[in-house]
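One structure below.
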Amino acid sequence: MLVMMKSHATADEISAVCRKIELMGFKAHPIPGITRTAIGITGNQGPVEAAALEALPGVGECVPVSKPYKLVGREVKEATTIIDLGDGVRIGGSEVAIIAGPCAVETREQTRAVAEAVAAAGAKLFRGGAYKPRTSPYSFQGLAEDGLKILAEVRRDFGLRIVTEAIDVESVDIVERYGDVIQIGARNMQNFSLLKRAGRSSKPVLLKRGISATLDEMLMAAEYILSEGNYNVIFCERGIRTFADHTRNTLDLSVVPAVQRLSHLPIIVDPSHGTGRREKVIPLSRGAIAVGADGLMIEVHAHPEEALSDGNQSIQPPEFRQLMAEIRQIATVVGRTVSPEPADIASRSTIQAQLLQ
Amino acid sequence: MLVMMKSHATADEISAVCRKIELMGFKAHPIPGITRTAIGITGNQGPVEAAALEALPGVGECVPVSKPYKLVGREVKEATTIIDLGDGVRIGGSEVAIIAGPCAVETREQTRAVAEAVAAAGAKLFRGGAYKPRTSPYSFQGLAEDGLKILAEVRRDFGLRIVTEAIDVESVDIVERYGDVIQIGARNMQNFSLLKRAGRSSKPVLLKRGISATLDEMLMAAEYILSEGNYNVIFCERGIRTFADHTRNTLDLSVVPAVQRLSHLPIIVDPSHGTGRREKVIPLSRGAIAVGADGLMIEVHAHPEEALSDGNQSIQPPEFRQLMAEIRQIATVVGRTVSPEPADIASRSTIQAQLLQ
Amino acid sequence: MLVMMKSHATADEISAVCRKIELMGFKAHPIPGITRTAIGITGNQGPVEAAALEALPGVGECVPVSKPYKLVGREVKEATTIIDLGDGVRIGGSEVAIIAGPCAVETREQTRAVAEAVAAAGAKLFRGGAYKPRTSPYSFQGLAEDGLKILAEVRRDFGLRIVTEAIDVESVDIVERYGDVIQIGARNMQNFSLLKRAGRSSKPVLLKRGISATLDEMLMAAEYILSEGNYNVIFCERGIRTFADHTRNTLDLSVVPAVQRLSHLPIIVDPSHGTGRREKVIPLSRGAIAVGADGLMIEVHAHPEEALSDGNQSIQPPEFRQLMAEIRQIATVVGRTVSPEPADIASRSTIQAQLLQ
Amino acid sequence: MLVMMKSHATADEISAVCRKIELMGFKAHPIPGITRTAIGITGNQGPVEAAALEALPGVGECVPVSKPYKLVGREVKEATTIIDLGDGVRIGGSEVAIIAGPCAVETREQTRAVAEAVAAAGAKLFRGGAYKPRTSPYSFQGLAEDGLKILAEVRRDFGLRIVTEAIDVESVDIVERYGDVIQIGARNMQNFSLLKRAGRSSKPVLLKRGISATLDEMLMAAEYILSEGNYNVIFCERGIRTFADHTRNTLDLSVVPAVQRLSHLPIIVDPSHGTGRREKVIPLSRGAIAVGADGLMIEVHAHPEEALSDGNQSIQPPEFRQLMAEIRQIATVVGRTVSPEPADIASRSTIQAQLLQ
């Protein structure tokens, strides 16, 4: 059930409706829209008595929600959610969000070199795992808090916003101290305890689609986060598991318009995991922007052959710069923009060249 | 085994090598390249004695083929195959090939109305099935030769090249009389008798990827056609069967660069079957061109709600015109072109408007 | 639409109803049941006027068919179809049908050796391909009619019924001359021209499930055969394509009870193709019988390491004998039987041992 | 690397080798076998210097491990692991382990009624979720500790061992207090923090296969548990996600012999989740036992139509009794047993009949 407030409803009227909903034993989720506020109701088992709410001042109407998800749907909020990370860095707006960086934070030098390079190419967000969920218990599992400290330096020195993964409730506590966006990986898309904890965080959450998740399951996973009060979720398509063997996963670009039709939350695409093949990252990045994705997540490594994980799918800084140039043109066609290379690119490139020696 | 001729080898020298190969009991496939001709050898069970061939005049070297497919691989021919249908209509060249039309030829009026509209929007190739493979024996199975006659009229009156499906050996006989390109559908991708028959046709073949075909299987299916002597094959990605249920199939755009890397044959994309949802056709068409596809195959129907098949995935003429406008811009970014609307578009549009009443 | 005749309706009354249906422009399919005959009507586009038929003598009632398939459904015929191949060889009855033999007929000796062995172990049906659909045009494609002649000898000398594949309309003409059951392979499950031709054959058809066919698609493929007048179809589950990589395909035993619930046609299981791994054939054969399958199709080769195709999934004669012994016990539990080893097994074994040297 | 001790090696010698391994900076996992003890070494990045270990008293030889998994493989332990839960209740032994009960603990009455019934039919283990991972945050999430208390009563009153799910690190703390076996669900198969926590528990772990997990991924998930020191893991096949739509998931019985070949850990089958359809539970249970599974996990509910979750796949007590009777016969064929109904079945049945009114 949604309570649609009138467009001139006051903050007091909105609060009063929320109080009434809580008194009825439910949970209220006031979600401001462009013209008016909608209040989602969760926690009810059966139908909610609409009459008691419609009688309150400022209430326009009560509308039942026809989908299993409530807060993530366009019914509750028509306009696409824009997640604002400060200093003009936004996800979901007209500028396409580019998140780039290594699979894992391995060393300070490796991390800074990539950060320097991706910032020089125009990226505003940096990725890099400090906690790595790995198939084998004997594989490199990440630097943990030491890695997060390196990421904090990258944030300070290069002005990049940090997107980094939390793998359990405990690591959310640490990640939200250092990062700007908490990533939840594909394997954890239905780790409901983790989703609930992320729902209580003040930081936005990047939710990767599970390797065999349907669209509905992905929307419901986000619903777990929103239902705890955190309305800043970004979806990420990263390939699904199919019989096809020419790529590691099958990148499902059709899910981009499908999500955008049903949900107000932004969706980005990760062609690095989505294909698992370096030479396919640039063409599929162009494809993703052309389809209308709100952003990209790209693995970049200065020396992919030495990477401790995912080397096969990492591109190098010069390829990343080329990728940025190509999607800048594609973005224009779909009415979006990609941030330009910073003005001091010439001097930066020099530094970068030195760092990458 | 490939015999790579020297760049200045004469036609006589090439013929002599072919004769020698036939004498050895094998089949020779001379395939001209930009700088030199390669001669593929098939029909051998084990290794071929290279010395006997390398001794002949004009022979550069004999190279073993490392892949299970021989004639479709880039090893035998480095440059992408361009299929020339006359009057400047090409598939595989710098101009992206747009094939549009209804799922099935239903009536003369319906077919001509769509043909008029897609020609006006710049399409140079027309699709429309006269033989329809249908899941149920009780569904509309196509107009057969009557349908092909309507398509021949479309060719004559609108200058469109005709792409139409053959479903068995018998229908190839008829289709190659009326059409310009013989389509082999997804269900028949491994109908080897049909592939062999198409391999003996003088008309190019559009080979759709099977719903659960791996890349290797698709390449080998084309190898069946080439091994019979027909080297003009176009691949078509049209979606694969996965667990995902928000689209009818999952369009696998990553197969485009994968094919282009391994094979010299062009590949186009069919987002109509690939998604099964009208509202996803335009975004995925943009995606396909951005990824680098050599063309698109689009279902267009003036009244999709009345279509005898595939109405849900057909777009209407105005949407098709919009699609063409959008991909025209995307194509530029990837160094390709899309044909413009014909000069007499204004007057044509009027006719079209009348036809569609 | 089904016309259910009264239980005491005469043959003349049944004929009269069929004539009336044909006069109405449709096709009539009289299908005798245990207590009464049902007449299926196909060829109609919309509803059939029931009143005109219900007025005829002997007609009980007209019932609409609720499923897309008509003739294959239990609605038209409640009792399971038993396909009688003579001399007590039946498929669909209480005795489980065991079809065994090599993937392909390679030589007379190889074929006879296997036939001798499987007959000695109790099998009554023999498999062996003379036409082999192969992924590569350069792989062994079968001995064609020469292979069928060898199979005819096997029939004569060992009393085994022959199940062998037809790959196109042309080969059906030849296969139905030599074989007892026409096999249609997984790749051809939706080769509708082939299905229609098989539907006009007087021989029963073994229809293998396509590698990515849904249950409904498989039922509809059989409907193509029945709608042409051949009501003797046997389904065969042979594994589906999934992401799982520990077997070549994933054997879907749940389809056995699913088919048996919806259709009156028998269903057997092919664990050789279904797993692609020799060591899994015996356990999955036990599983198939336990689930309730009406039979098994097993690849047996005396020297699997020398087989021209599918060697990895072929078991040897001693393993086959063990398989038979194990399923004989399992069959009892589900109220079925497996034919015993022939009485002269001792002497036959000696011959067999000699043949296999 | 594995250190294979000599068959007459003393406990002191084994301890000395373990101490040496720890001194080298690695972790030692002594795993007793029937004839001799193997000591697995984990924690090493590269090869371990074998010479230093082979010099120690009691050491037979050092053998490298060829698989990515070490402790779960048959290389380290040839005999199948038998998990002993006391009073003759074992998983992995010759008696097939039957775990039955409702999807979720809903009420004391519902739970006890089912427990009474399954015990009367011969089951020795009881399932029932107190923590339920649900796709929607608004669905019933289980009774948590209150549910576990009901399960503890069932243990006390009916002598059934309790198998119940933990969904996060926190719930493991509680579940291991009340339950006998900690279940880790399919969605959590790669929740590595949870696996590690379970690896530090003294209770055996039932690890369900992820819905799209390969065999290797499942083995590696178990390796996480064993590498922390808990060697008592039971695998559970519960269906994988495919395109097939006649069942909720596709039950992959071929994984049973595949696991048994590679790993010493037992594997059971859950045909309730594996098919999602009540009428398929009995046939697929027969199939699972025939294939060689070490046990079954079955959802039983007295009133499935009122179940708060998974009603469609729950069978009723009389069907469960029939299931037990059928697999009792199948088990014999494969050299296993299923526990008989307790002697006082007659009186129990009366109570049961009353409880189920």
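As written, the chain order gives the labels A, B, C and D, with residue 1 at the start of each chain.
In the analysis below, contacts are C-beta pairs under 8 Å (C-beta built on N, C-alpha and C of every residue); 3 or more make two chains touch, one makes a residue touch a chain.
In this text the structure is predicted, and so the values were computed from the model without any measurement.
In degrees and to the nearest 5, what turn takes the CA positions of subunit A onto those of subunit D?
Fitting subunit A to subunit D on C-alpha atoms yields 180 degrees.
Hey, which pair has more contacts between C-betas, A-C or A-B?
A-B
Averaging only over C-alpha atoms, locate the centres of subunit B and subunit C and give their separation in whole Å.
For subunit B versus subunit C, the centre distance works out to 36 Å.
Between subunit A and subunit C, what distance separates the C-alpha centroids? Give it in angstrom.
It comes to 52 Å between the two C-alpha centres.
Please compute the C-alpha centroid of subunit A, do the same for subunit B, then give the distance between them in whole Å.
38
Show the residues in subunit B shared as contacts by 2 or more other chains, in ascending order.
Counting only residues that touch two or more other chains, subunit B contributes 212, 241-243.
Subunit C touches which residues of subunit B in the complex?
Listed in rising order, the residues are 42-43, 68-70, 133-138, 167-170, 187-188, 190-194, 196, 211-212, 216-217, 220, 223-224, 227, 241.
Okay, in this complex, where on subunit A does subunit C touch?
For this pair, the touching residues of subunit A are 241-243.
In the complex formed with subunit A, which residues of subunit B make contact?
212, 214-215, 240, 242-247, 250-258, 261, 274-275, 279-280, 283-284, 286-292, 326, 329-330, 332-334
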